[in-house]
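Order of writing sets the chain letters: A, B, C, D and E. Residues in each chain are counted from 1.
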Amino acid sequence: ERLTVFAAASLKNALDEAITAFGAASGTEVVASYAASSALAKQIEAGAPADLFISADIPWMDYLAERDLIEPASRVDLLGNTLVLVAPADSDVAVTGIGADTDFAALLGDGRLAVGQVDSVPAGKYAKAALEKLGVWPAVEAKLAQSDNVRAALALVSQGEAPLGIVYGSDAASDPKVKVVGTFPKGSHPPIIYPAALVKADPARSEAAAFLAFLQGDEAAAAFRRAGFTVLDGAAS
Amino acid sequence: MSLEVRIRHRQGRFLLDAEFASTGGLTVLFGRSGSGKTTLANAIAGLNRPGEGVIRLGDTVLLDTARGVFLPAHRRRIGYVFQDARLFPHLSVRHNLVYGTWFTRQRQAVADLDQVIGLLGIGHLLDRRPSGLSGGERQRVAIGRALMASPRLLLMDEPLASLDEARKAEILPFIERLRDEVGIPIVYVSHAVAEVARLATTVVVLVDGRVVRSGQARQVMASLDMFQGQERAEAGALLDTRLAGHEPAYALSVLQAPAGRLLVPLLDRPVGTPVRLRIRARDVTLAVRQPDGLSAQNILPGRITAIGRTDGPVVDVQLDCAGDLLIAQVTRRAIATLPLEVGRPVFAIVKSISFADGSDMGSSA
Amino acid sequence: MSLEVRIRHRQGRFLLDAEFASTGGLTVLFGRSGSGKTTLANAIAGLNRPGEGVIRLGDTVLLDTARGVFLPAHRRRIGYVFQDARLFPHLSVRHNLVYGTWFTRQRQAVADLDQVIGLLGIGHLLDRRPSGLSGGERQRVAIGRALMASPRLLLMDEPLASLDEARKAEILPFIERLRDEVGIPIVYVSHAVAEVARLATTVVVLVDGRVVRSGQARQVMASLDMFQGQERAEAGALLDTRLAGHEPAYALSVLQAPAGRLLVPLLDRPVGTPVRLRIRARDVTLAVRQPDGLSAQNILPGRITAIGRTDGPVVDVQLDCAGDLLIAQVTRRAIATLPLEVGRPVFAIVKSISFADGSDMGSSA
Amino acid sequence: MGAWLTPEEWTAVLLSLRVATVATLWSLPFGLLVAMLLARGRFPGRAFLDTLVHLPLVLPPVVTGYLLLLTFGRRAPVGNFLAEQFGIVFAFRWTGAVLACAIMAFPLMVRAIRLSIEAVDRRLEQAAGTLGAHPAWVFLTVTLPLILPGIVAGMILSFAKALGEFGATITFVSNIPGETQTLPSAIYTLTQIPDGEAGAMRLVLVAVAISMAALIGSELLARRIHHRIGA
Amino acid sequence: MGAWLTPEEWTAVLLSLRVATVATLWSLPFGLLVAMLLARGRFPGRAFLDTLVHLPLVLPPVVTGYLLLLTFGRRAPVGNFLAEQFGIVFAFRWTGAVLACAIMAFPLMVRAIRLSIEAVDRRLEQAAGTLGAHPAWVFLTVTLPLILPGIVAGMILSFAKALGEFGATITFVSNIPGETQTLPSAIYTLTQIPDGEAGAMRLVLVAVAISMAALIGSELLARRIHHRIGA
């Protein structure tokens, strides 16, 4: 009997690796359905046959928790990520540490700042929070270019459409056409967290719990780190 | 089977207000372009729905607006040869032909496929598509298609207009056989007076959507004022005769009419068969003395009963030849110089006779 | 303007292999259904592209496959009245009519709109769409459309087939005027021998895609073997006469031919005008003695020059009347009993005469 | 191609083909019916039906997907009814992908067929009627053959759309490999991860190849039909 | 409606209308040309052109959006050329949204027009030729009027699709209120936040109303054309 994991699309590379390893170790077949966290959450609400849900942000996990669709006890903050400012690889933009004194408006010139949608896409929400925290939101709000996912925002930068973009560290690391010009300080935005939880099922499946535990283990952690995520304290313990 | 039509139908600015009855046989709808012939045919076929009226075929009511009866086209079993052939472009000629047989319950076909194909000369076209046919070929296939559906009534809208004389001459006898032997009533739209005269049992004359004259063909045709203008030359009388004998040496047959004996090209029918003739006014010459030494040997004695309108060069003269009414077309000059008067005995020299059945226009003696 | 055609064109299994020349006037393409008349007309119009051959109109080369010349249809200025009217469904009758005028450079129109509308009797249809026209109305609009484009050559594919006699009689003289006065050469496809005889300058007879006979109308028409079967009755001779005088009292005119004087319905033309007549074989009766007391007063003396095939009831007899060749159709019985022999002097009694120009079939004396 | 694609991708390709084919075939009769109603029918609610049919075009696919989830989901009234009464389950099955694709492609199919129906010469149908053919037979023997070009066009549009659809599909039935992960879902997933471009491009080429094959096939078919109709 | 929508949503609605209208009008001549080529042309590369036209249907919109970015982006060859030579810039402009919508809707428009072209009775064009009309005039005076129903169908499909398109648009030119944030982007955004349904539904109703109006308008137009053609 196979397990079905609903996971945010950005986790695909690392999670696929972990699934292969878990399959080899336990003999349990796991399939992953990758999509936007919002879609996955609503599908679970509609009775999707998911055993485990890994969201790209907290609100959608909360959404299911409020509706009593996950096992509260199983919920963990599995992964974290960094938020970085990127520029095209050939850009001569230089920033020495992002802080309240960073003049985004000047850096952008008449260009735009590529971000995920600040209302809906997690990376966009973090970016907005960070920019507000740094007090530059009013200056850049009109210069945003919001995309429906963080990869699209990254593409705008790597294609040179936008001189700067705010994306996850995990995305920026792998794209040779962009360079990271700065990392947002940890305190500038809510912690970037990928929570995971077992979906309520009757009867509960022990393999699902086993897999969730495996994801918190060292082998999985290595895979997540290779993909640029930070493995949170709750894991590997 | 009788056909009874009494309808009013509005179509754009055109109003069809037609009433006629036919007791079977072949009813010709005759009238100028735009007079409403096709519209009337469509009403009979059920392709338009007159606002008001009754159409009855035998004892089937096809339409009765007062009682709210409207039999849909597909249940009328009326074969329709359209003015434009309307072949099914996606079907081969063969399938066009047999299309109607797919839907007729009873298997007593009016004509079998081989017969129709042979008659219409379309054997070599069977596997073609309509788009690869000539105009006349298309029309022939359309005739075959209507026949193959074993209709109870056949509507033919100028079916022969695009055919050559030879082909017409082959098809006309077949239509006559349908009318006489199979007994299918036929409604036939035509401009050609020759066809009308030859085929018609009943003639319905339409002018601007109204029936101005209808009735027995011989009555309508013999009326002096029916044909106006150029059509007058085609006017003529119908004679019912009986086959009296043959002269095989000259390939002639002898017909006996009340008016007298007439020689016509050999008819391959038994002695005693009734034969209907049409004698066109323009083919009758009058002589005031018994003629002699003429190649024309059909000469009927008679007496002038009426002389038509006398303006213009040509005048219609009606003769009574022992009860048969003939019409002769002569010049006004001849009336004055011979002279011709009502009551005067004359000889009608008949140059050409058309058969109202049998092969076409035979020139006789 | 002369027209010269020499083409080979394959179309499915049908091969058109036609060659003819005409020196202008009206060329009739004559042949049975499927013989290739429309295909030939299409080649002249540029709607198909023959694999091989030459078509020349005046000194314009329309096609010359050897030299790779193919003038596209829109540059040929050939007005085409199609067998199926092919009106533009999205344009009103008026716009259909004037369509061609939008593209003709020179403004010397062949006919003006009012004239065409009046002639064709389509004035009340101008604001209609073609879908609301009757079959004959459509064909009339199609004729008008072709005329309005001021063509250098007019192709007419059975243009009158769907028209009534009266309408035909109105349109034919107009076509003749185009031919004679405006000088537009016309290629005219027809099944109707009467039309052929009346209109043709040149006749081209097609059988199975091949030209079996072509040439001057009077020669082709007078040949005894041209018309087979039913068409024979329509055969006849053409006479060139001159208007010699009028007899207004009887509404007659007198024509002088080498063969003698002929009375015909009054012609509204000056004395001296040349008039062409057609005398159909079936309208000629022979007498071995001078006839007398006949309503028919056109009697021409002559001498028998040939007697046609003698199987069947009817025989064609050719006469020489002072140089004019006439044909009479008589029974074999008359040949034997009168008797008629080559060389015998006879009198030709002419019942009806068709005018090859002027109003249609006039019955004379 | 086998070596060129991972087994999972290979599965997605096959699934996509199956989904697109089944969606096209299943929606055909409904498409015909609705096209016929819209082309010929005069009934109240016609404008409403027309709008309804076009909605999947006008709405973001995600919205259509949600609406499907709300209607045909496991816990939704219609979905529940179908499952209980007929054992038809769409939710998170490949059949759901079929439904989503069929609905997304429906306006395209209906339009193409409807356009053809409106171009049919009704006088030919009348002629068939006079030959004794009941309207149903007229439809089968005359109308249907004459609108075949439109049907083929509608099917190819529908097939292509079904092949490319993922917004509604992924929202409605998620992206479960072997069950609901179609080719475009797989492509989409690859676009969402670092280093996914190469893989995405590979799959894009597969999609292009499939659609090219389908188009060439449909052209050949159309040409044969055209030839048969003799137009 | 003004009170019912936030000013930003109102802007998105107006922008959507503008983008859909402009995209439809601009793509019309190209759609006509391509439909004509595909329906009538016999040239090498025809299958390739056909596939190319259909690609936006087959590929996930996101991919089309990327491809647009790679072609018409500021640094991309075509985009660069257009910007330098003609000053046409798509990046982050509503013109980019127009381009994306036009391309996404292009296969629909082409198919509808092509279907109509294939249904034209070419003998009417021949007749026009014999009346002296140059092929270009034949096209304008005969072919074009006869294919009007197909053009209307193509335009309405294109308009509807443009109204609903956002996947390619947002990827190509992102989501800038007042510039590139169209109605579907707005709807999509609302579906991505928990409890956004109510807002999304409100906008969905707006989209439905617009498309219904467009459809009814096109029906009236089509009926008039039909009447004029007299079919």
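Just so we're on the same page, a contact is a pair of C-beta atoms (placed from the backbone, for glycine too) under 8 Å apart; a residue touches a chain by one contact, two chains touch by 3 or more.
The structure displayed is predicted, hence computed values, not measured ones.
Participant: What's the fewest number of moves from chain A to chain C, given that each move must go to a chain touching the current one?
Facilitator: 2
Participant: Could you find the chain whose CA centre sits the greatest distance from that of chain B?
Facilitator: With centres defined by C-alpha atoms, farthest from chain B sits A.
Participant: Report back the single chain whose CA centre is most distant from the CA centre of chain D.
Facilitator: C
Participant: So how far apart, in whole Å, are chain B and chain E when each is placed at the average of its C-alpha atoms?
Facilitator: Computed from C-alpha means, the inter-chain centre distance equals 60 Å.
Participant: How many Å are there between the centre of chain A and the centre of chain D, using C-alpha atoms for each centre?
Facilitator: 34
Participant: I'd like the Å distance between the centres of chain D and chain E, where a centre is the mean of that chain's Cα atoms.
Facilitator: 20
Participant: Please tell me the distance, in whole Å, between the geometric centres of chain C and chain E computed from their C-alpha atoms.
Facilitator: Whole-Å distance between the two chain centres: 57.
Participant: Do you know which chain D residues sit against two or more other chains?
Facilitator: Residue numbers touching two or more other chains: 62, 66, 188, 191, 231.
Participant: For chain C, jot down the residues that touch at least 2 other chains.
Facilitator: As it turns out, chain C has residues touching two or more other chains at 84, 132.
Participant: Output every touching chain pair, sorted by label.
Facilitator: Every pair of chains in contact is listed here: A-D, A-E, B-C, B-D, C-E, D-E.
Participant: Taking the complex as given, what residues does chain D use to touch chain B?
Facilitator: 123-124, 126-135, 137-138, 141-142, 145-146, 228-231
Participant: Would you tell me which residues of chain B are touching chain C in their complex?
Facilitator: The contact residues of chain B facing chain C are 11-12, 31-34, 37-39, 83-84, 128, 132-137, 140, 157-158, 161-169, 191-193, 228-231, 233-234, 247, 250-252, 263-266, 281-283, 285-289, 291-297, 311-314, 328-334, 336-338, 340, 349, 351-352, 359-365.
Participant: What residues of chain A sit close enough to touch chain E in their complex?
Facilitator: Those residues of chain A that touch chain E are 36, 38, 41, 59-60, 62-63, 112, 114, 117, 119-121, 144-148, 152-153, 155-156, 159-161.
Participant: Hey, which residues of chain C end up touching chain E in the complex?
Facilitator: 45-47, 72-80, 82, 84, 86, 88-91, 99-100, 102-104, 129-132, 145-146, 149
Participant: Give every residue of chain D touching chain E within the complex, in rising order.
Facilitator: Interface residues on the chain D side: 47-48, 50-51, 54-63, 66, 107-108, 111-112, 114-116, 118-119, 121, 149-150, 153, 157, 160-161, 163-164, 166-167, 184, 187-188, 191, 200, 204, 207-208, 210-212, 215-216, 219, 226, 231.
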